[in-house]
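By letter and in written order, the chains are A, B, C, D and E; residue numbering begins at 1 in each of them.
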Amino acid sequence: MAPATLTPQKSLLDVLPPGKRARLHRLLFEYGPGQGTLLFLPIDQGIEHGPRDFFPNPDSKDPEYQFRLAVEANYTAIACQIGFATKYWPDYAGRTGLILKINGKTDIPSGAQSFSTLNASVEDAVRLGADAVGYTLYVGSPRQDQDLLQMKTVREDCDRYGMPLVVWAYPRGEALDEKGGQSTFYAIDYAARMAMEMGADIVKLNMPKIDPEKDKLTPEPYNELDVTQEEAIRQCVESAGRALVVLSGGSRIDDDELLGQTRMIMEAGGSGVIYGRNVWQRDLDSAKEIVEQISSTLTTSILRTP
Amino acid sequence: MAPATLTPQKSLLDVLPPGKRARLHRLLFEYGPGQGTLLFLPIDQGIEHGPRDFFPNPDSKDPEYQFRLAVEANYTAIACQIGFATKYWPDYAGRTGLILKINGKTDIPSGAQSFSTLNASVEDAVRLGADAVGYTLYVGSPRQDQDLLQMKTVREDCDRYGMPLVVWAYPRGEALDEKGGQSTFYAIDYAARMAMEMGADIVKLNMPKIDPEKDKLTPEPYNELDVTQEEAIRQCVESAGRALVVLSGGSRIDDDELLGQTRMIMEAGGSGVIYGRNVWQRDLDSAKEIVEQISSTLTTSILRTP
Amino acid sequence: MAPATLTPQKSLLDVLPPGKRARLHRLLFEYGPGQGTLLFLPIDQGIEHGPRDFFPNPDSKDPEYQFRLAVEANYTAIACQIGFATKYWPDYAGRTGLILKINGKTDIPSGAQSFSTLNASVEDAVRLGADAVGYTLYVGSPRQDQDLLQMKTVREDCDRYGMPLVVWAYPRGEALDEKGGQSTFYAIDYAARMAMEMGADIVKLNMPKIDPEKDKLTPEPYNELDVTQEEAIRQCVESAGRALVVLSGGSRIDDDELLGQTRMIMEAGGSGVIYGRNVWQRDLDSAKEIVEQISSTLTTSILRTP
Amino acid sequence: MAPATLTPQKSLLDVLPPGKRARLHRLLFEYGPGQGTLLFLPIDQGIEHGPRDFFPNPDSKDPEYQFRLAVEANYTAIACQIGFATKYWPDYAGRTGLILKINGKTDIPSGAQSFSTLNASVEDAVRLGADAVGYTLYVGSPRQDQDLLQMKTVREDCDRYGMPLVVWAYPRGEALDEKGGQSTFYAIDYAARMAMEMGADIVKLNMPKIDPEKDKLTPEPYNELDVTQEEAIRQCVESAGRALVVLSGGSRIDDDELLGQTRMIMEAGGSGVIYGRNVWQRDLDSAKEIVEQISSTLTTSILRTP
Amino acid sequence: MAPATLTPQKSLLDVLPPGKRARLHRLLFEYGPGQGTLLFLPIDQGIEHGPRDFFPNPDSKDPEYQFRLAVEANYTAIACQIGFATKYWPDYAGRTGLILKINGKTDIPSGAQSFSTLNASVEDAVRLGADAVGYTLYVGSPRQDQDLLQMKTVREDCDRYGMPLVVWAYPRGEALDEKGGQSTFYAIDYAARMAMEMGADIVKLNMPKIDPEKDKLTPEPYNELDVTQEEAIRQCVESAGRALVVLSGGSRIDDDELLGQTRMIMEAGGSGVIYGRNVWQRDLDSAKEIVEQISSTLTTSILRTP
């Protein structure tokens, strides 16, 4: 299948109500690299994985590190849990954006029945002066019934307060295992669509992996497609319609790969990236250096205006 | 069993309270083909099946496509989820009808324990200016207890706001497998009745399939009946009493079959059809053409006045 | 064990608060055969069994049929679900009594874990001008915890609005299977007591069946009793204390048996009967005829004054 | 282990807020044998066991019997469910005490996962003029999580309305089976403590049974103790701290044993007894006679002043 | 890995809102040994283990014992359940601090699915004049979804009322068994982090145990670390960021070990200890003596100022 041109979409900002528009405009154009791009710093690995991700750079265990990094390296926003936001954000409020991540869980039990309950609320985000709310939706989990119902309450509160909703759309759960797992184009594409139809303003996706063995297990026509990773990303972006898409980096990879991937994401219609371990598993100076390169890649590869 | 005449029913509009009557009158007589018929365009396949249904016509992945189609081909209404309604409906508001579908789920986990939780509310529908609310009820699912309780809250809100309630009445769940499955006359007939008794104004059914092997497994007297598909539809329409019935097309079929089926539905007392993939898996011009034929079939085969 | 005289009970009406008293007085003395008797027409088989019960008399599929029957044959009240009450009752309001049945379920999944969630509310009953509310309690089900908690809310609302509470007290659930099943004197007696202690004003019971094989499996002293069906009914009536008891007919039986059973119920202290299929599986004229005979049997066999 | 002296406890009445104090004072000193003793008549066997307990004395099936007994034999209070209280208590209100038992269940399903949901509320108790509320807590059940959360709401309402809280503290559930079962000193002692720490004002316990075979299975140091039943009771009373303790009789035992047990309970620091079947499984005159003996035993064996 | 210097953290008091600050200041500087240290007396073993912990010192069964001990030995605060606080705290109110522990459970069922529901509320704590609220979070339990959601409501109420939140952060649940169990550095470190990110002001941890066999089963890099217990504690303290950390003693150990451990905790950055059985399993005089030594150790080993 040959890569097609991206379907032009009406600007997201044009269709959003004023509260969401104001906050999202700030993220897209005021904080961070700007020009309609998004560069998020996620620091919720401490609950999702435990402190083990901090060992490569012991400084990173101190939440101060990430807040300082977000401000000094000029990230668009930092995404963190309520405990961080309550005890560290006050000193940085207004100097960078804040995405309050309002659900999460440890990875100690298996992911077969994935579901993250709320540990904070949209009202907490409003009170703290956050610019957006983050919610993890496990697409395809056997517990999707609880997840969708919970997300409804979040989406409604976001509508009520004019708070942009960033959905971490993760294919997950035991039923996916027989359909190629959580990283196929099929799975990521479904997740992108689901998040948009459920009301996301920004969809956070993991990179789709092209793996013929796994793709064979996906439903038609995905099991017969022969697409590049870039094409897969482009289609996922399209599945999200007017919602903006940011992609994550996952565990640490090579710098060139990281920058190449960043460019590919933007050229496939993505609106930005959310890079955590790839950045803060370095000392502050190296971290700031790589963020500068990422920022410059973002603003020089813009395909889509939000 | 010989097909009987349809039992005359008092007009549904006459028994509805004013809010429901106003909105339903609009759907039956103002939007779409009119004359008391209903022609709905469903676009929730992106969450129910994932984006895979869009591959035959890549344009169809963009929600704009369906909204444009609904308006230009003169559908009665478009039925979609909250994300669509929030981000695309504003540009089309007032130019076609809107049925806000307020529950749904992915098809990744098995359907053995089917239950779709709410992802939006009747209040959302009111706020968006929708003409009706759509709810999927899985009749016979082991989780019917949760489903019926949830539907109670929806039905009550519909009563409160005068919002017509369209019930997607789907026989489903592991217990049905030993009773012939979800497509028998028995199963569809039960679903039609259930939806009406639970308070549906319009019941959306799948076509009952006559299959002697499966019918043998259904309870008495269904296992001994020898009815045509049309007779089965007529009986399902009767089971729904004063509630109106629309039938769906499912995956794509031949045009002649589609139009023949449309006529049969109307002559069996149906009030219209809900055709998605059979229409939007074509390019816009062909889609508009077939809709014109469907509309004309609807209005020339009316048996029942609502 | 020799049949004993019925313990005299204080009149139920005397202990009820005014709202309940007014409504129940209407049912006992104004509608139907009167003189303190109750003759209820149940039409919830469409959801509890599906439309299959309507085949013996196709006219019975149309809800109009039962409403007309209730009025023309002079039933005390019709008992139905919210969909019926909303779309058909308006035309008959005030001409017969209405019991709004507010929970129910399909019989597609097995009854091992029986529990019927609410699909309507006591407030719906008030709004519709109903004379009583009907609730199915599955006595002994593994899910009794949810059932009793739910019934609490119904009982409280009945207290709040002065609405009589009719409890369909059905022994049910997998744990009963090893104790003789749902039709033994033990099971029905327990159900009668449970309903009264939980706050029922009227208890609807199925006929206890005397079956030595099954009775052997019941707990002491039921496994050693040697009682007639009439004596069993009398004891069940006593277990319900001041609550009134009506018994149901179940699937269709012979007319003489039906009338004999009716007399036996009254002579054992019952306050009336609830006959559906035994009546409406006939054409309207025959139905009215048999109801006349039942009514006359009721009023000529009164033992207990309510 | 040698029996120790009972640790002196501050009077419970002195630490209770005025509403609880007023009501409890009434039970301890005004109704029943008085002098700080408690004599409760429980009549919830009809739901906990079914009507089978009434066969030894058929009169006992009529709730009138127990109310009359409570008044004529001068019990401190009758403990019953909402249905009883609503339909029979009005005639006896003010002439004896009332403990409204607000949860309960049938014994048809197994007790492996014991949990009794609420069927009435503290507000019901207030409205009916009850003197206390009764709640069954299944200590150690796998569903303790639900039980404790539910009891929280009851305790809070009791605090709000100044209503004394009587906790039926029953060790129960499949996990206990491997630890000696529900009647060991270990199990009863744990239950006594749990009830007090959760906020009980009065704790209702079953008699601990000394059984070396079962005691061996209990945790240290219970598996090595060698205590008499009286010493076990005394320790359970101590575990309940300032909360008062009443012990129950269970199924019917010999009169001498009953009176001896009563004396032992009082001498071990108990505040009274709750005797049902041992009393009402007799005719009214014999019942009154034995109650007189029990009362006299209570008031002549007082060790602890409340 | 060589022990590193503790990362300096901004004072917790400086970032807390006024209500939390006032109450926490009282605990750190007014009650108990002061100078920014915390010495808590836990007395919830009666529900968590049953009365078995009281046998070594029978006096300890009487709640008076612990309250008297807390006041006379000059503890910072006593931590107990609602029943204790309601019936014993009034006599001691204002003379020591109170941490109302608002969830808990028996240890009768297995801990595979650990989850402690609420038995009291933050409002109870406010009403009783408590200085903080205690909550047990089972980190890694298969029921973490319910736990986190419940803790959200507690955290929100603490924010609303300015009540400090002390989290008993316990790694627990069947999924941990394959990862080295609940006492590894990995498990305790994860728990410390989780509690802080979820909003704890003070984190209560069990001592991490260094056990190469179990550590081998933990995830990378924990399975390869070679740290001392003190270094492990220091890292756990760092994982808790600005939240203060207190460590518990568990079952009784030798006095020298107890004091040595106390010093180690303080030198690793801990803010104090929570010692129950190690103290109250002695007679009052010995208990007061050891508390004096503990207090002196605390105040002479302070590393971190809160």
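Going forward, a contact is a pair of C-beta atoms (placed from the backbone, for glycine too) under 8 Å apart; a residue touches a chain by one contact, two chains touch by 3 or more.
No experiment lies behind these values; they were computed from the predicted model shown.
Contact with both chain B and chain C is made by no chain of the assembly. One simple way to say how far apart two chains are is to compare their mean CA positions; for chain C and chain D this gives 35 Å. Note on chain placement: the centre of chain A and the centre of chain C lie 57 Å apart, centres being C-alpha means. Residue positions of chain E touching 2 or more other chains: none. Chain contacts here close into one cycle, and each chain has exactly two touching partners.
From chain D, proceeding by way of chain E and on round the ring, the chains are encountered as D, E, A, B, C. Residues 4, 7, 9-10, 12, 15, 139-142, 144-146, 148-149, 151-152, 155-156, 159, 171, 173, 175-176, 179, 186, 189-190, 193-200, 219-222, 235, 238-239, 241-243 of chain A are the ones touching chain B in the complex.
Contact residues on chain B toward chain A in their complex (touch as defined above): 44, 46-47, 50-52, 55, 58-59, 61-64, 80-84, 86-88, 90-91, 104-106, 108-110, 115-121, 124.
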